[in-house]
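Two complexes follow with chain A in common, the first pairing it with chain B and the second with chain C.
Coming up: the complex of A and B.
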């Protein structure tokens, strides 16, 4: 009994020192001082990482929590990006209005995608949503009257003068604030009745239904939440790049986001965050070797699926004392 | 009026008639056993009752109200709980969270209130945690609350599943072979637990079971299925004496006379 107690107190001490809370605090601190300490290029890279944290945490809702193999998020990010961009470029809207509008439109389209997709499962769902992604890309390229086609368009300047910051720093700290808020929201949802319903749907639809969990309702919510994150990130992405072009939202975008969530560990919010930061770092290190990039990501994704199906989150759970995270899908079937 | 009633349930898979006009009438507070040889349609009957595979003909009535035709989640919400033959504990959740999931229909948090982290959501979750611990206490599994469900033995997982079903406060609980894989002392404990579920919770139980000692000991009445049809119904003693039941299990007796 007493050794149990000792173990428990040692674990809670370890949790205090290296637990998730501490890691998050340090991570936030690092991101907060980063652009002040390093050159503009590194600040840009960190901003990109923040945007991909939103994308990965959002994608994790649908593929990690609700367990639906959906490939629509690259396109939904594009819809958020185009909506925000076009509202500013053609509509003359200010960024602070165009950004949430893009997120909301993306969320609505995500819910519309859910309608037919709810009837599909597994491979058919994957194929159906890849088709949606290709269709969206086709629209971005060919509906020139709306999207300005392959050449895209350049965003009007964004001003953060109201909070006394330049465009780069302003956008950086806006991204950081949104990441903090939306990661907190993700944790709150995942720990709630809604999060438990997602996991039930992922683990066994039959058992979930026997507990009065409506599959249609909870899958639809997962689509909507996931799309909202993607749309919001798309708007920030547009603002960061300053241009909107269709090729940003092609197949590679899908692979990149999937790699983040899977390498991080399906069903783990912390994993998605770490996966996003790791892969953006890798992408920036390999900048200038476009082909190597794609091969490296593909290989990493494959290696994770084959050898570490639990991803980084599983490693954290195993090796870091006091690291607990519920809902994580620990590499299908192993015990 | 019966608590649970089926009238003329029929269901075919391809050319096979899995259920062939099954009438069932279970009184409130009863423990009903469903037995029959493999392939008799026992699990199919439970699936038809809880809506997983809706019957092609016939109706299911809960307290006189038809529930057949509703979605399985809606039937569960009306008060028909269920456990399965194979363990269906949710992976990636602790035992406690698994049981808390059973409270789904009695909680009200939605994606917006959860995202905002409203105090009411937090209070509701604290309540749920306590109720789930009490439910684990009821099946004597409280000490495993923080464990990973997959780390439990088969029999322990079964008990957690029962706790998860109980916490949703069903009026009727359908159990699909709860004793499979249990050692004799564990079967004895299950016998006791089933009686407590009925006596303390007032829940009516319909149970498929092959462990004859359990069925004979705990069930008020037993229904025997063969080839999708009901061939006998009665108390344990009546069923043992029933000629048709003996034939279904053992084949026709060769007449020794002549």
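Coming up: the complex of A and C.
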């Protein structure tokens, strides 16, 4: 009896020390002091990682929670980037106004894409959204009157003087704050009625309908939320790079973002965050070696599906106390 | 004159799209999965032929056969490394796995055959001077492509009609459990399917190489065209894939000639999106295989 108690209290102590909440706090702290402690390049890489956390968490809504095989995330990120960039460049809007406007616009476009996509399932949905992603890229390249074509355009300077910071630090802390807010929102959504409805849709659309879950409504919400995250991330991405060019949003985004959510563990928010940080670190290590990046990300995606279908989230759940992600699809899509 | 030229070049590329699409559909019908790395099999096939023919100086026909053999083996590799381990997984995992595999192949292609933007040219085995057919100039390579595709189609039909392996493949596509119960070695048939499907992509690549430029990124473009052809014809229909491929090729050529050359690139995506919205079952109305 007493050993049981000891075990239980030991486990709760361990969960307190290495549990999700503690690690999140430490991670936030590490991200907060990172740009002060390291050189500008490492600060840039960390900022990129923060932006990809938003993308991966957003993609996880539609693929991991709602189970919809959608390839459009890279394109929606591009739409967010172009909307934010063009509102600043052509419209003369300030960044703090253009960023939310760009996010809302890509959310609206994401919902417009959702309208036809709602009728499609499985493979048809995948093919339709692949076509959409390539169509968006084609528009970025060929609608030169609006997008300035292949050469793209340079963003007007962004100032954070109002809060007493330079451009790099200001953008970094803005990204960090947005990541914190939107990850918290993601957890709130996942634990709400909406989040549970997503899981029901993922597990069986027929069963979900039998439980009076309106497929149209909840799928539309999933598309809208993930487009909002992608658009916001696109706006931040464009501010970080300072230029908007179509090739940032090409096919490689698909494998990069898929790898993040799959390696992190489908349906796990913590997994998506860890996957994003890990893969951006890898990408920066392999900077300049395009073919090595393609081989590495392709092989990692494949190997995860073959050998660790639950991803990082499954490993954490198994070996570290306090890391149970309730909506995590353990088995990574194995039926 | 312009119209006739557009039609002849459209039919040529259309025939190639049809060949790639037939390989894709063959695999889809038998295994129930769409191979997102099919385009990269095409790309590797083209570069293998380039290696044998241009770099090593082998004659055209042996290079063609070696390249097709190479893609056939690559198809078997896909079966062993991607399909068989994930055979009981959900479609999502299989799609993701083939996407991962396609990038792996693309990176390998880029490593061995040049970086982004670099293209290699492949000399035509026949004379480049046009011949006149019904008052229209036609390039001999175009005739070679159409003849090659026609031969492949006839061989494929003969394979399905007259050989044991072909009939077993159809039986497996119809119902794998029943095929297994009557003693067919379903796993071997799957392997053969992946190999044949990849080999068709290899043939298409060797036929296409002299007409266009090879780049490591060509695979995905071809994959999208093949998707468009299969969706247009009806997912899962072989005849649909052929007709869809030809229609796509001609439409592209007409759009490129009469609207703008950049419209040529986009017509495949537009076709996919429009067909999926208006009539997801495609022209031939073949219902996709339904596996629960």
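Throughout what follows, the second predicted complex is superposed on the first by the 323 of 335 C-alpha atoms of A that agree within 3 Å, B and C clash if a C-alpha of one lies under 4 Å from a C-alpha of the other, contacts with A are read in each partner's own complex, and residues count from 1 in each chain.
We take it that a residue touches a chain if its C-beta (ideal position, glycine included) is under 8 Å from a C-beta of that chain, and two chains touch if they have at least 3 such contacts.
What you are looking at is a predicted structure, and each value in this text was computed from that prediction instead of being measured.
Colleague: Based on the superposed arrangement around chain A, label chain B with chain C as either clash or fit.
Modeller: Taken together on chain A, chain C would fit alongside chain B, as the superposition shows.
Colleague: Figure out whether A:188 sits in contact with chain B (first) or chain C (second), or with both, or with neither.
Modeller: It touches chain B, and chain C stays clear.
Colleague: Go through the superposed model and pick first if A:223 touches only chain B, second if only chain C, both, or neither.
Modeller: Neither: A:223 stays clear of chain B and chain C.
Colleague: Check whether A:328 is in contact with chain B, with chain C, with both or with neither, and answer first, second, both or neither.
Modeller: First partner only.
Colleague: Once chain A of both complexes is superposed, is A:267 in touch with chain B (first), chain C (second), both, or neither?
Modeller: A:267: touches chain B, not chain C.
Colleague: After superposition on the shared chain, which partner residues are touched by A:203: those of chain B (first), chain C (second), both, or neither?
Modeller: After superposition on chain A, A:203 lies in contact with chain B alone.
Colleague: So, A:160: does it touch chain B (first), chain C (second), both, or neither?
Modeller: A:160 contacts neither chain B nor chain C.
Colleague: Given Cα centres, how many degrees, to the nearest 10, is the angle at chain A formed with chain B and chain C?
Modeller: One gets 80 degrees for this angle.
Colleague: By residue count, which of the two partners contacts chain A more extensively, chain B or chain C?
Modeller: Comparing chain B with chain C, the partner touching more chain A residues is C.
Colleague: Per the contact definition in the header, classify A:44: touching chain B only (first), chain C only (second), both, or neither.
Modeller: It touches nothing on chain B or chain C.
Colleague: So in the superposed three-chain picture, is A:213 touching just chain B, just chain C, both, or none of them (first/second/both/neither)?
Modeller: A:213 sits against chain B, while chain C stays out of touch.
Colleague: Quick check: superposed on A, how many Å separate the nearest Cα atoms of chain B and chain C?
Modeller: So the smallest C-alpha to C-alpha spacing between these two chains is 13 Å.
Colleague: Across the two complexes, what residues of chain A are contacted by chain B and by chain C?
Modeller: Touching chain B in the first complex and chain C in the second, residues 335 of chain A appear in both lists.
Colleague: Where on chain A is chain B touching in the complex?
Modeller: 184-185, 188-189, 191-197, 199-200, 202-204, 206-215, 221, 224-225, 267, 326-330, 335
Colleague: Would you tell me which residues of chain B are touching chain A in their complex?
Modeller: Spelled out, the residues of chain B in touch with chain A are 50-52, 71-74, 76-77, 81-84, 88, 90-94, 97, 100-105, 107, 109-111, 114-117, 121, 124-125, 128, 150-151, 164-165, 168.
Colleague: Across the complex, what residues on chain C touch chain A?
Modeller: Residues in contact with chain A: 34, 81-82, 85-86, 88-93, 95-97, 99-108, 110-111, 115-116, 216, 220, 224, 227-228, 231, 235, 262, 265-266, 268-270, 272-273, 276-277, 280, 288.
Colleague: With touch defined as at the start, can you tell me which chain A residues reach chain C in the complex?
Modeller: Interface residues on the chain A side: 63, 67, 69, 116, 119-120, 122-124, 126-128, 130-132, 134-135, 138, 142, 251-252, 254-255, 258-259, 262, 290-302, 305-306, 309, 332-335.
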